[in-house]
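You will see two complexes here that share subunit A, one where it goes with subunit B and one where it goes with subunit C.
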Partner chain A sequence: MTDSALPTFIAESRELLREMEAALLECEQGETGAEAVNSIFRAAHTIKGSSGLFGLDGIVAFTHVVESVLDRVRANTLQMDRTLAAILLECRDHIEHLVNAVADGKSDDIQLATKGEGLLQRLTARAGGVGSAMTHTIATTPVAPAAGREHWQINVQFHTEVLRNGMDPLSFIRYLGTLGDIVALKSLTERLPAVEEFDAEACYLGFEIELASSESQERIEAAFEFVREDCTLQVRPQAPAAQEVAAEKREVDAKESKASKSSDSRSLRVDGDKLDKLIDLIGELVTAGATTTITARKAGLSELNESTLRLARLVEEVRDQALKLRMVQIGPTFSRFQRIVRDVAREIGKEIRLEIGGAETELDKTLIESITDPLTHLVRNAIDHGIETAEVRRARGKNVEGVVRLDAYHDSGSVVIEVADDGGGLKRERIVAKAIERGLIADGSSLTDSEAFALIFEPGFSTAEQVTNLSGRGVGMDVVKRNVNALRGTVELDSKEGEGTTVRIRLPLTLAIIDGFLVGVGNSSFVIPLELVEECVELGDEHRSPDGDQRYINLRGAVLPFVRLREMFSLRSSASRRESIVVIRCAGQRIGIVVDDLLGEMQAVIKPLSRLFSRIRGIGGSTILGTGQLALILDVTSLLDLCLNTRQAHTAPRRALMD
Partner chain B sequence: MNKTAETIEDAERRHDQNQYLTFVLGRETFALGILSIKEILEYSPPTEIPMMPAFIRGVVNLRGAAVPVVDLCARFGRPSAAVTKKTCIVIVETRVEDESHVIGVVVDAVNEVLEIPGSEIEPAPSFGASIRADFIEGMGKVRGKFVMILDVDRVLCVEEMEMLTQAAASADVVQPAA
Partner chain C sequence: MDLDQKLSMGELRVDGEMTIYRANEVAQTLFASVRAHAGDVKLDLSDVSEFDTAGLQLVLMARRIVEANGHRLDLVRPSQCVAEVLDLCNVALTTDPTQAAA
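== the complex of A and B ==
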């Protein structure tokens, strides 16, 4: 085992610790199932085992005690209850700290060690009895579960010279008897030669002994100290047969009940960079394929055309599969919130349960990483401001225990993540009053509910009456919105006063490819994300006068403000004879973008622009067209901001853009 | 086996350090160290990026990557030359801290690859040159004439250009669209 395996150990341990946390939280809520206890035990056991391989004695020693307690829970000699689960959670945290310390390269932190000892004392005090037996049975090998009397399987083959060296095999077996009870003994006589070859001074015997003993493996091995050189010795712990059967049965149950568990074991770890490289290459393959298709069409050979089409279909399939490689289930991310909800709810003295739905919904790994922070914020908000205190809930005739619900599902090419609570809901009037006070909207303006609720995503907006240390400092919702927008997602909010609030985050499935709508302005091509496009209409001649001030059209009775991409981007090409409006909907607003040509739908592999263009607004990236030319992808959100800014300079009222 | 390969590579590197690519901008000859040059492309019009300062011509597709193209004339504050048959895009790699950036530069014509030994390179004059003094790494003597050896990390300093692009972009926003 080399140190290069250490990062794997750390990653695996963290994963196991997460599993352990989830299971412990389950137990704490009083749903102690055999599967949960098993999974906690397995986690502790595996961590202990692997840290033994790396010689991380601190982790082995600590985890061992935890494991022993767990083993008793598993054997039903100790009852799992809330207090025990709470202590075990703390122990889990301590193991995590120990693992983190190893990751940081400082495994001998004295403070940590003292803290660990305190924890163990509490644990053994709670579990009772095991303390004295455990502390000195720190196992030397990872596979030794030790609880009370253990069954040991000892296989000893004495070498032929033993008798000549003055040793009596029987004396060792007699000595073993002082260490515990010999349950079974079998002589191994395979090595006995035929009578004519038999040497009376030679030893041909071996023994298989089953020993019930509370001694450690070391002590048992030490019994054979004097014949160490003259025998082949194997000592291994043996689970009692009944327990083995039970364990097997449990495993079968687990397999049946959770197919996802078994799929875990068939998965393999791949370096994320390798995947990115593969997806990059496939992106190029798609582009190259498109070029070939165009060339083939020009060549006009029907056979060539056919084969390129077949190729294109295959490439598309390969791309879809490759993108799926990056997809991971959101479940583990959701489960992490169990802990946050528990801790935060305790801190502020509310009773809150977290419900999770759609755990098997898959989305891009990078998305999951980037969405954790905004989600944390939303969950904390729900606990802190959403759910009322127990008294208020009782007075309102609600269940005292509040519910926060995390949900995820796929919806027309995007992923929706919901954070819902059954708390007090948003008070519309207060939001509107506050917005008027802050000058965000004009007094007396009429807003729809969704427009009013959207106000809380404005920077510096917070209606919390109390500022707690968790949230409510007025930063937050705007940051959530910004983060989500940066991922090309949107946030919306539903709320009913007295019934609760639901925040809905809509995200693209992947960051690597978008469905786009290709438009042309002069010689330039632009891609508009397809999900934002509502329709395309021709720009009537009456709106085409270049000096005309009117920047809106009548779209079936509604006012549709528009911008000319050519002016917006100061493109040098001259206006074309025909122009069209692409109607897009973004952030609850509808605007038109005037372009020369509508070139149709396409799948665009997003190529990030150089850092040189990091401050650019209105453009989110680039993509390569089938012709090898580059097209720019519009970032509609920032484009809209850009319009608003220029419009405001024009003293045009901002509200004019809301439909 | 590996070791010899490395030493050969080192030797090549040492040799390459004195190699320069000379090219023409307007009526002057410039040189760039060959180690920073990745390749030379035939000129194809880059995709224009809106709201960029004049020295950024746009982006080109370099085997699937969008590479920004800088007009060196404009970067030096001169009018850009017209595109001719000889116009090229030289693909250059620069380093800022540990990040490497690939940037294309438009030049009027590419001349040759030369060896200019260190003894033939004079320090840059503090004034009197036609471009900013900190852009010049040194003055190389080639056949009795001076060529300006450019300091590629300065000329194509991503941080500086990023700031300039931002200034250009926000200037556009303030101007009310006519």
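== the complex of A and C ==
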């Protein structure tokens, strides 16, 4: 095995360690399922096996002991409990350190080795000796008597390499014993060769087992999951000959199981850069496609038009598929917080449980990476300051164990991530008082709850003094907001005093390409994210006062505030004869944007603006149109902010003057 | 210290691990001792600390070697881990007389 494979080993190990961590945390919370134990075992086993290939003896030696203990847990001869899970968790951390040491190129760290030995001693002490204490529990495992149980005939021949691959066939037989009663077992030794040809490290054994079990065939076959490729397995119900034919079909030989295994984990590791390059190219393709469509339309050839349309549709599909490649589930990221919650809660002596919802929600990999920090901040905040101490909770009649909840779901073209706690909630009056003191808002201004809570995201609220005054909330919240905004996302906060707080982060699905709605003002073009567009209406003459004084219309009985892009960006062209309002909805608010022309839907490849323009609010990026022209992509959230604030700050005085 | 050879009285003793990690080493010594010995063999497994499939195979092979010479190999005083494996795999402590004849 060459060193070039080492990075893959490290990446895979880290992934496995993450799975192991999640499963161990589950066990620590007392939810020890066979699945969790299997997954812990699988991780330890695979890491041991691969480290062996790289000659990383330190990792092999350490992991071997851990694996042996896990093997016994799997075979039900050792009970998984909180203490054991906690020690195993530390062992997991140690393996991670070892792997990291390999990654850093210093695999023989004396300090690490000593620490490892100490850990192993504790583990062995807890588990009562490794390997030697195989008790006869298997034989006496209480299994529910016969009702509904079938007798299975299992024939398994282990392949020669199985031992060298780090598997002990006996552990599978033991595990089988947990699925039912081994009624009869015969060791098959026919394959043992002559002494001269005997290889002590090869496996020649097979077993013929009669198992009485109420489990399904799949479950029984799954007992051999880890050696699927290293054994020939036959599981069939012990039944009259009539069923024999059907049973024959169910025969699982090595080849078949190999295929089924590879379909289980049919994934491919691809370099992130290659993917980015692909997305880039597809971006160009989208632009080029748009140019072709326009040219074709100009040429007026119906056949050409038709084929460009078909092409456009395909490009769109390719784009979607390519973007999906970058989509990953948020679950693993969420699971990582289990550990943070556990550790921080322990540190400050609170009992806190982390609940996770929507783990299968997918979002762009880059987004996930960039959202981890703000999320960590919010989760820590919730633990530190959101959830009350046990005494306070008891006094308030709440469950002593606090709950932090992470949730993710898709909502009209964006992803929402929620961090909720059932803690003390925010004290509205104190926030408002502080904001007035800080000069963030004028005295006597009436704020809605969400506006009041939004204040804690203001930079002014992040000084140390406020930490105590506001019972800690608001620490670095401005940083969270800035980070989220940088991802074209928004943060909002809900809170009920005494009941808890929910922070909601809303993010775009992807960073690279959006479906846009193209509008024109004068000679300039703008793109509005299509998913935000609700409808387009014509701006009636009565609203077209030249000074632009009136900033709302009556839209079917509801007040719709609007902004004129022409004014927002000081475009020096006179308004066209017909203006339209594009009604957009964002973060629960509706607003109209007044434009000259509605140019239709398009796919916009987002090109970031140069740093020079990074301070301009209301613009999120740019894109190149099929005509080669540049269009600016509106950042509707900040636009909304901008115009709502402008209304409060400027319009009111102006109106006062006019009156 | 791991593999004591007490050839007198036809008794052999294996100490320590009988696992894949030491399989080759144990195999060489064990088979050599078994072959060097004419007559029935008692294999003392009381001090075996770990016993896996590889260990089991060694025992089975040793038995086969002895049986090929028309003798029998009995396992005596198996340690707990050995006993558990033998029990699980239905391997008898003493050579089946019918097989020994064969």
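The rule we apply is simple: the second predicted complex is superposed on the first by the 383 of 659 C-alpha atoms of A that agree within 3 Å, B and C clash if a C-alpha of one lies under 4 Å from a C-alpha of the other, contacts with A are read in each partner's own complex, and residues count from 1 in each chain.
Convention: a residue touches a chain if its C-beta (ideal position, glycine included) is under 8 Å from a C-beta of that chain, and two chains touch if they have at least 3 such contacts.
Since the model is a prediction, treat every value here as computed from it, not as a measurement.
In the superposition on chain A, contact of A:E15 is made with neither subunit B nor subunit C. Shared-chain residue A:I616: touches subunit B; no touch with subunit C. By the touch criterion defined above, A:Y204 lies against subunit C but remains apart from subunit B after alignment on the C-alpha atoms of chain A. By the touch criterion defined above, A:D373 reaches neither subunit B nor subunit C. Of the two partner chains, neither subunit B nor subunit C is touched by A:E117.
Judged by the touch definition given at the top, the superposed model places A:G283 against subunit B, while subunit C stays out of reach.
Of the two partner chains, neither subunit B nor subunit C is touched by A:E317.
In the overlay built on the shared chain, the residue A:T189 is in contact with subunit C alone; subunit B does not reach it. Subunit A has no residue lying at the interface with subunit B in one structure and with subunit C in the other. By the touch criterion given at the top, residues 46-52, 56, 59-61, 63-68, 99, 101-103, 158, 161-162, 165-166, 169, 172-174, 176-178 of subunit B touch subunit A in their complex. Of all residues in subunit A, only 131-136, 138-139, 158, 163-164, 168-170, 173-174, 177, 182, 184-187, 189, 192, 195, 198, 200-201, 203-205, 207 touch subunit C in the complex they form.
Subunit A contributes residues 280, 283-284, 287, 523-525, 563, 567-572, 607-619, 622, 624, 628-632, 642, 645-646, 649-650 to its touches with subunit B in the complex.
Residues of subunit C that touch subunit A in their complex: 20, 23-24, 26-27, 31, 49-50, 52-54, 56-58, 60-61, 64-65, 79-81, 84-85, 87-91.
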